[in-house]
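Next up: the structures, one after another.
Each of the two complexes below includes chain A, the first together with chain B, the second together with chain C.
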Partner chain A sequence: MDGFMIVNILGGLLILTSLLVILIKNPKNAAYMYGGQALVLVAILATLGFVTGSSELYTWSVTAFFTKVIIVPAIILFALNKMQAKPDDLAPRFALVTTVLLVVGEVILCYLAVSGIELPTVAELKPALAISLAHFFIGLTCIISQRNIVKQIFGYCLMENGSHVSLALLAPEAPKLVEIGIATDALFSVVIMAFLVLRIQRSLKTLDANELTKLKG
Partner chain B sequence: MILIILACLQAILLVAAAPLVSGSARWMRAKFQTRKGPPILQDYYDISKLFKRQDLHTKDSSFVHRLMPPLFIGVMMLIFMGIPVVTRFSPIPLLGDVILIIYLMVLPRLFFALSAIDTGSSYAGVGGIRELLIGVLVEPAMLLALFVTILATGTTNVGEMGMMVGSFAAVNPVAVALAGVAFACACYMELGKLPYDLAEAEQELQEGPLSEYSGPSLAYCKIALYMKQIVVVSLLVAIFIPFGSATELTVPAMALGLVLYLAKVVVIFFICTIFENVVARVRFKLFGHQTWTVVGIAALALVFFVLGI
Partner chain C sequence: MDNSMLTIALIVIPFIAAALMAVLPSKSAPRLAYQALHMVSLVAVCVLSVYLSITVIARDKTIIALGDWIHLDALGAVFVVLIGVVGLLVGWYSLAYIKHDEDEGLLNPAQVKQYYLFFNLFIFAMLIVALSNNVIMMWVGIEITTLVTVFLVGIYNNRFSLEAAWKYIIVCTAGVAFGLYGTLLIYANGADIMADPTMAIFWTSLVPYASQFDAMLIQIAFVFIVIGFGTKAGLFPMHTWLPDAHSEAPSPISALLSGVLLKCAILVIIRFYILAVEALGPAFPQMIMLVIGIISVVVAALSVLMQDDVKRLLAYSSCENIGIIALCLGFGGPLGIAAALLHCVFHGLAKALLFCLSGNVLMKYGTRDLSKIKGILQVAPATAVLLVLGFFALAGFPPFALFVSKVLAFVAGVVAGHIVIVVIFGIAATVVIAACIRVVSRSVFNKAPETVKKGDVGIAALIPQFLMVALILWFGIAMPGALFKGVEEATAIVLQEEGPVLHNDPLLKDLLATDEDTT
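On to the complex of A and B.
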């Protein structure tokens, strides 16, 4: 089994973990699961670094470990602990199988889209590229299928993970500055969203997106 | 010739060992509940007692009611003759086709439900309809999981599928593993164990049709239901966990295959019994949701097959 195959298999694991992030009802457990997913992402970056021999990818994986495996779940867990009323497990809008089939359809569509592109650098990594592209849609699925606004933050994070992997696949030699841009961008947006969720919860006493129809400034 | 003898031996051993499997499950259940419980051989005693009793059928019942018990046992023996047990390949390749096996499992289920309606008893009739509904929900899920495996291995023969999986020759390891998980879930639903049924007390979800059977007919049905559990588990072992079974017809290889097969089956039944004892019976209406989950896992396996991983 060569390195490219390992990257593809890890990509498959990425889909499974994102599905679990979407499907787990309790936001706290979903945060732990997100940490697990970020760990898979780190493994993908490190394996890619090993396969392509690019030292930048190793540093990427180290920064991703700190920002995504530790800091992002920590921020969300911190926000969840700060809430006075404990969030109840809001039922998602879709049934479990609908979500799974949606994700399945998205991945297949992305695979078809990617198969048309001829890129010499990622010939063996096409499945991984399709998966990273599909993560944009998986994140969207998370946002539209969940009523809990904390879970919707994870939808954004999933999208962001997808863009991270596709950047690593398409431009492994990209300078550190780009990577720093991506990492901090995600970090700050999560901080802002967690802050917003806290304020919403404090003033409206709910995390249900369906009830947030008349937000006042 | 040896293969035909092997196939017949498999079928006879299946009949002989079936009550042992259910008896040990009952014994373990009692231990979990810290009861003394029945001895492991209790189901043999029950069945021998049933054979001494009178065989009663309701006034309105037709030949279907009489035909079902021997047909059920016969079909289960036929299926088991084609499943690789100690060997990696199917003893009778003609019977080793996975689509044939699934359809052969539908045949006794149809007669099972028909015989329930045939008795004229309303309670058994409801049981029969539920049995059919479960069949409609579980079997497509099972076939979907196998469909991905068929695509990944390029064959519908159980033995050849097992050979591909056992030698790690399948090109899509993740897809096959996930299909195995989906198939295992579907198999558990077919076993008729606790979240879906409690076979020791009155039967509610599956096996409702048994309520109008008595004497030797009931004994036949009971043996056949226990046989079905072994057949389903053996199918799972043959396709997805074939490691260690004999690839050639020599005595040491086959002895090793037999030992490993028994070990795998014991472990699987042990896990099933643990699971059976920690869950409550599922509400009948929720059964469909859980089969949909299996369909979801199988669909994911299909995606991984398309992606080529």
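On to the complex of A and C.
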């Protein structure tokens, strides 16, 4: 089995873990699952580094391990612990079947879109690229389908992870600075979102996006 | 100091001001200390931005700094001046507005400090967007604008402002993630074909290679970029955060969000529009801009008419005007591009003015509800006069500057042969005129409620507003040569053509020639 095959298989695992992040109702468990999902991402980066011989990708996998596997879930867990009342598990807006069907549909669509790209670098990695693009949309699905605003933060993280994997696939030689810039920015976003969620929970006593609808939009 | 150093100083100054504010203690430091830092920073930014932009335009030469990371070309200059000038005027207005909020007990000293600090960070972030040559940095800049303004939108810490802040951060970060994805696709494509892949990060190095990009990849990337940065610009249907955030934020922040930030997002779209046109030819990018532009214009115009909240009305009007700018980019050609750029500047000024005026109204009436705001002319005559002028300018009446850009937009549409779209645009513009007249007739005139105390807001709040009106009139009656030249050079950059593109345009040639004969 060659490296590209492993990357493509790990890509499949990435979709599965992200789907679980969406489907798990309890935000704490979802945070642990997100850590697991990010671990798969780290494995993809490391394997890609091995396959392409790009030392940059090894560095990425290390930074991604710290930022995505450890720090992001830690921030969310910290925020959840800080909340005064134990938040209820809010049911998602979409039924389980709907969510799964949506995700499958996204994967198929992305596969079709990617098949038109004729870049030599991605010839062997088209399934992985399709998956990383789909991953981006799975994140969006998470934001739209969830009522719990903590879960919506994970949606954003999943979108960001999708971009990250695509970048690794398309430009394995990208300078460290690009990767660090993106990772730092995403981290800041998560910190600020968690801070805001905490403030909302304290002032308004809710984490339910459906209750945040006093404004007309 | 040379111009490269000055450009770096321009970006760094508001950041330093914010850092200094951060270390000042919020309770014991007098309010004056924050105000002084705030104004020194904004005056410096304004002076530098105008000086550097005029230098770039006069010499028709780009300033490069920090390796290739920072660049100021004529296209960026148009937006840098907007940030500098509107930033200063709105920042000046803030002093009176925030003092009022503090006196009313709406903000405590810690929140006042937070306000001035994030205001300066906001300016800093927008300058990064306008001056960055690094495409990832451009995205980072847009992200920072979201992250710092979230605190400003949610500053009142009540149910509505927190809700608006959440909607703002989640819609914009998720939206702008599309922008990142699109940017990364273009970067990856560039890195793949360029001899030195590290150069693929710079916009100026990508442009010459754009014609070799993979067509499918660039189509996906451009759609992602329009969705992503279009979210931040307030294009339909990604605009949902905008009316909430703009109406719940303090009025000067609404002014800056609508007047300047939306235009910065448009600048990013324009930068990628240039790449897309080079890679794919004009048909695809223009079609995308046309479709999204006309839908935004129509939906927003109808929403403007239905609003009873003055700030929501202004927010939807911003969506409509951003739609017009997108439409102009869709029309393309020298006229369309010039119209888009002029409209960015003119709408930026007009909307900043009107949001500040909504702040005056809020200070006097304590409400944004138009059914309760009546008789402004009796209560605050100067505000009333400014409001009438502001709404007339927004409606696009002559002699205000927006008349020029709107007429140019119509002409560009006709020249490009999009007659149906031009007709729809015309109807939507009429709807907006009706909405503007409705506000003026309902709220400026009529009998004022007895509960509202007579007497205008202080002169300190009115002076920056008078200056904005003066600029809108000046640009409408006699557009300064430097502004026209700047827009012409910027148009040439967008079209990737050499020479005076507007002077060479068959429609404008004679007009500009007679103009030069008389002067």
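Following the convention adopted for this analysis, the second predicted complex is superposed on the first by the 214 of 217 C-alpha atoms of A that agree within 3 Å, B and C clash if a C-alpha of one lies under 4 Å from a C-alpha of the other, contacts with A are read in each partner's own complex, and residues count from 1 in each chain.
Keep in mind that, in the parts below, a residue touches a chain if its C-beta (ideal position, glycine included) is under 8 Å from a C-beta of that chain, and two chains touch if they have at least 3 such contacts.
This is a predicted model, so every value here is computed, not measured.
A.B. asks: Once chain A from each complex is brought into register, does chain C clash with chain B or fit beside it?
C.D. replies: By the criteria stated at the top, chain C and chain B fit after superposition, with no clash.
A.B. asks: Please indicate which partner A:53 is in contact with in the superposed arrangement: first for chain B, second for chain C, both, or neither.
C.D. replies: neither
A.B. asks: Is A:15 touching the first partner chain B, the second partner chain C, both, or neither of them?
C.D. replies: first
A.B. asks: Answer with first, second, both or neither: which of chain B and chain C does A:174 touch in the superposed model?
C.D. replies: Only chain C is touched by A:174; chain B is not.
A.B. asks: Looking at chain A, which partner touches more of its residues: chain C or chain B?
C.D. replies: Greater contact footprint in residues on chain A: C.
A.B. asks: By the touch definition at the top of the document, which applies to A:196: first (chain B), second (chain C), both, or neither?
C.D. replies: Touch partner of A:196: chain C, not chain B.
A.B. asks: Angle chain B-chain A-chain C between C-alpha centres, in steps of 10 degrees?
C.D. replies: It works out to roughly 140 degrees.
A.B. asks: Return first, second, both or neither, reflecting whether A:149 touches chain B, chain C, both chains, or no partner chain.
C.D. replies: After superposition on chain A, A:149 lies in contact with chain C alone.
A.B. asks: Quick one: minimum Cα-Cα distance, chain B versus chain C, in the superposed arrangement, integer Å.
C.D. replies: Scanning every C-alpha pair, the shortest chain B to chain C distance is 19 Å.
A.B. asks: Considering only the contact definition stated at the top, list the common interface residues of chain A for chain B and chain C.
C.D. replies: On chain A, the chain B and chain C contacts do not overlap at all.
A.B. asks: What part of chain A is in contact with chain B in the complex they form?
C.D. replies: 5, 8-9, 11-12, 15-16, 19, 95-97, 100-101, 103-104, 107-108, 111, 127, 130-131
A.B. asks: Mind pulling up the chain C residues that touch chain A in the complex?
C.D. replies: 136-137, 140, 143-144, 147, 150, 154, 157-160, 162-167, 169-170, 173-174, 177, 180-181, 184-185, 187-189, 191-192, 197-198, 200-201, 214, 216-217, 220, 240, 243-244, 247-248, 312
A.B. asks: Along chain A, where are the residues that touch chain C in the complex?
C.D. replies: 113, 116-121, 133, 136, 139-140, 143, 149, 152, 155-156, 159-160, 162-163, 166-167, 170-171, 173-175, 178, 181-182, 185, 188-189, 192-193, 196-197, 199-200, 203-204, 212-217
A.B. asks: Along chain B, where are the residues that touch chain A in the complex?
C.D. replies: That would be residues 173-174, 289, 292-293, 295-297, 299-300, 302-304, 306-309 of chain B.
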